[in-house]
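Order as written gives the chain letters A, B, C and D; numbering starts at 1 within each chain.
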Amino acid sequence: MAAMPMQKIINEPKAFVDEMLEGLLLAHPSHLRSPAPRVLVRADAPRKGKVAIVTGGGSGHLPLFLGYVGHGLADAVAVGDVFSSPSAQQISEATVAVDGGAGVLYLYGNYSGDVMNFDMAGELYSSGETAILTMLAADDVASAPRGSEARRRGIAGIAFLYKVAGAKAEEGASLDEVVAVAQRASDGLRSMGVALSPCVLPAAGKATFDLPAGQMEIGMGIHGEPGTRRGRLESASEIASDLARQVLADLPYEAGDEVAVLVNGLGATPREELYVLFRSLHSQLSSAKIEVRRAWVGEYATSLEMAGASVSLLRLDAELLRLIDAPCESPFLVRR
Amino acid sequence: MAAMPMQKIINEPKAFVDEMLEGLLLAHPSHLRSPAPRVLVRADAPRKGKVAIVTGGGSGHLPLFLGYVGHGLADAVAVGDVFSSPSAQQISEATVAVDGGAGVLYLYGNYSGDVMNFDMAGELYSSGETAILTMLAADDVASAPRGSEARRRGIAGIAFLYKVAGAKAEEGASLDEVVAVAQRASDGLRSMGVALSPCVLPAAGKATFDLPAGQMEIGMGIHGEPGTRRGRLESASEIASDLARQVLADLPYEAGDEVAVLVNGLGATPREELYVLFRSLHSQLSSAKIEVRRAWVGEYATSLEMAGASVSLLRLDAELLRLIDAPCESPFLVRR
Amino acid sequence: MASSALARALSAAAAALLSKADDLNRLDGYAGDGDLGITMSEVARVLEEESAEVGTNGPGAGEAGGTGAAQLLSSCGSAIARRAPSTMGTLTATAFLRAAKAVASEGASEVGLAERCFAAAMEGVQARGKASLGDRTVLDGLDAVCTSLRTSLGAGVVLSEALRSAARASSLAAEASKSMVPKAGRASWVPERALGHPDAGCQALAIALGAVAESLEEG
Amino acid sequence: MASSALARALSAAAAALLSKADDLNRLDGYAGDGDLGITMSEVARVLEEESAEVGTNGPGAGEAGGTGAAQLLSSCGSAIARRAPSTMGTLTATAFLRAAKAVASEGASEVGLAERCFAAAMEGVQARGKASLGDRTVLDGLDAVCTSLRTSLGAGVVLSEALRSAARASSLAAEASKSMVPKAGRASWVPERALGHPDAGCQALAIALGAVAESLEEG
């Protein structure tokens, strides 16, 4: 396939990630600082006595991952190349920079490259006094059947995990308490997405996959990992019922459950369409007697300029709802 | 041109705007309510004794316009069809719903359709006791030369006007004070953009214009209005220096000025690229000895799934900086 | 003009506008946002619906001018204001609402009424849009139409002939706009891109009037 | 093996991997994220750079096994870990770091050292990646290589022949992976899409080893 010209605002493709980070630090000096290359931490880190949350992953998914570093959210992020894991060294530098002596939670998506590098970082750092525990986002029901939940990849639902774990840690909870809340959230968290167009990696200069106009791919991953089904592009209502059915069947959520819903845009899909999709989803959930207590609609985990959307459901209890509503502040996510 | 299949998550194209609004109201019941069809107001409107800010414009630009209705922002919005003005009737209904007896500011973009309809609404409403004043965003330097500033169209820079006028009104200022602050902001506000791809209107089903891959159009409007120059797609640094040069030449901003910068994505352009662009812009401004005190980088005024970006500069004084930093809350814009 | 004849004229204009929607989008696209065909199609749908309501036995179907025609023009105007609030839609609405008042005036011939209607419409468009003559807008087309109708009125010709001349005048105005530099509306932002193409608003007026004139000859 | 010979072997592997980058992206794309060619190209650049540093007169260039080779393998491993931290990159780094320790061991023939290196590499990959044999990963390829090297060691053949057999074994393993169902990594998410194509990681191993074996015959 011939390299197609990229309609991108970039300089050297190789410089993409570092220039993005430079721009970010120039734009948000009161929020973020960089103690080591491709490592960002909250400007006020380390916070003594607070559980530190360290995350990381590939670039190209803004606001994932670095957009979730801030007050009431994560403390540090190791930033990988586009769509690829950060190194163990970066992760351990991130850990050093935010360790406040109260324990560290590694919270990130379940991708084998990331898992190995976080594991290695944890081993490198295990000389320290601080306990390190790991929580993986593995919310995408399209990536493995029931019974194999641990093999699933993480997609946009991780935004809810940052929110609840970050709020809990900000309250001064212990590492075990933070993990417990994140685990409970994760147990009731399910997602699934649909892609309507590919994206173009700056260094590759061509589309990550082919998807003919008029088609869509259900269950595609945020790096263009193939989905479970390709077919005719359906209406918003059909897509909503497709996604709702599979997500609901998986847990299963029960009549009377209360949920927070995340309708996430993958990059190019206009916010208007996300609300059209949410409207249909809301009616699906109403029919199933599931009450939507909170709705996040927007871009929370993207794939560069991919078109499409994903839907995440988080089962709520009183504490999770409180943590979802708690204040937070990063350059990408603010709650008052 | 054959209707190209749209890669969109929608139902009936004709229902697009109303379904979007339904979804929005379902998602944000504590923020927004709808007192009349295609009219949205703050949930707590009318606020007695507070100057009310009414805005409006076409759909397809989220977060413009309805995303700027909230605490510390505007009070009401009249929502038009995709890319077209709301009617005078909607605007006057919006006015009725939020008039708190302290005066009303009509704040919107300088498009002749909108101007006529806001004017008509003001005349319809002039039976009321309340004074109505108008402030137009006309920040796009690409749309008319110096000397013809009043003929220019409004683009993303309006976000800053909502922010400062909204914050001032929230403080309890009088209508004249709110207008004065908005006017001062507007006097020091300049924008310019570049488009890298067209968008597709749901009802039209085809691209708003042709732009060959590898090309860009400088100075294009947010409805696909032709720009001032079409040419080879340049690097981020070249684009930044192009835009900075024209924006800076226009006012002119002076060495020693402090500014807030808005780097706005038109829809499909990844947030990462906006930061790459901001980085280059920051260095342009530094060379001109203009200090960036605040940076907003993200989607503030879109054109559905158009790729591209615009740059806005707001000259700051102490009061404007305070108002830019003041708390605000809408489903699309929160500051703590 | 009987309101049934007016209804026939409006629905002829509607059909013509619908058939030229793509052309109008294209013309508006050279220097504008390319939606005039969409706007005028919505205007056309209003005209069709409102004319259909009148039918041949509608209210005041037989009167010359008077309330029947006034009602029809005014309900068209209100519906257009609600349903097509773009620049041209809003101006068209204004034109219809002004014409509705003028058509109800007394003591004029058919051609006289037509002249009063278009003069009122033009005045409304000028007041609402604040453009000047020569700015290359629909105002220039309306001006040509008004001049032509005044001439016909002096010459004492019948309505069908007067409207034929008016339609011809609006075509010529559209043609003349090709070399005019836009000074109002979107096209004024990139004036050079408009040159060589007729102003879209003038063209829409010429299309509508051409169809109206034809409908009278047939009727 | 002298570290200069090792350097030659590694730079041969690098050239082969670079030339097959598109193939590897394609294979990884069937059921993964299509980036293995990018990863292995970065690995290759590390191998080239580190090998170039050794040259023919580098540290310990003449020793069999020992510190020269160990140093080369270990600095490759560290650089790969830093520069190519994807699944395969990280596993490759682990493999090099483990091999670096093994190559420094004493009292073994050239083939014995090679066997120890690959056994250590495989152990490291297994510990880090936690895949099982039969999961359709590069582990299956490594297993085939280790088995072949053990056989060669028993048979007492020379290094070049042992590596030729090992390369052949890795090719066969890649071929065999075509009908295996993925149970680890990205490919396990859509296992059916992988069928009929060799596992990308196994293929990368086969490409690298094929080039290494050839380089020894020439050298």
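Structural remarks
Here, contacts are C-beta pairs under 8 Å (C-beta built on N, C-alpha and C of every residue); 3 or more make two chains touch, one makes a residue touch a chain.
Computed from a predicted structure; not experimentally measured.
Chain grouping by touching, computed with chain A excluded: B, C | D. By the document's definition of touch, common neighbours of chain A and chain C comprise B. At the far end from chain C, in terms of centres built from Cα atoms, lies D.
Here the spacing of chain A and chain D, counted between their Cα centres, is 33 Å. The distance from the centre of chain B to the centre of chain D, with each centre set as the mean of the Cα atoms, comes to 56 Å. Chain C and chain D, compared by their mean Cα positions, are separated by 78 Å. Within chain D, contacts with two or more other chains are made by no residue at all. Touching two or more other chains at once is no residue of chain A.
Chain contact topology: the protein chains form an open path, each linked only to its neighbours in the line.
Contact between chains, as defined at the top, is found for A-B, A-D, B-C. The part of chain C that touches chain B in the complex is made up of residues 29-35, 38-39, 81-83, 85-87, 89-91, 128-129, 184-186, 188-190, 193.
Those residues of chain B whose C-beta lies close enough to touch chain C in the complex are 80, 83-89, 111-113, 116-117, 119-120, 142-144, 151-153, 203-204, 208-209, 221, 223-228.
For chain A in complex with chain B, the residues that touch the partner chain are 4-5, 7-11, 16-17, 19-24, 26-28, 59-60, 62-63, 194, 196-197, 213-214, 216, 233, 235-237, 239, 267-280, 282, 292, 295, 297-299, 302, 304-305, 307-309, 327, 329, 331-332, 334-336.
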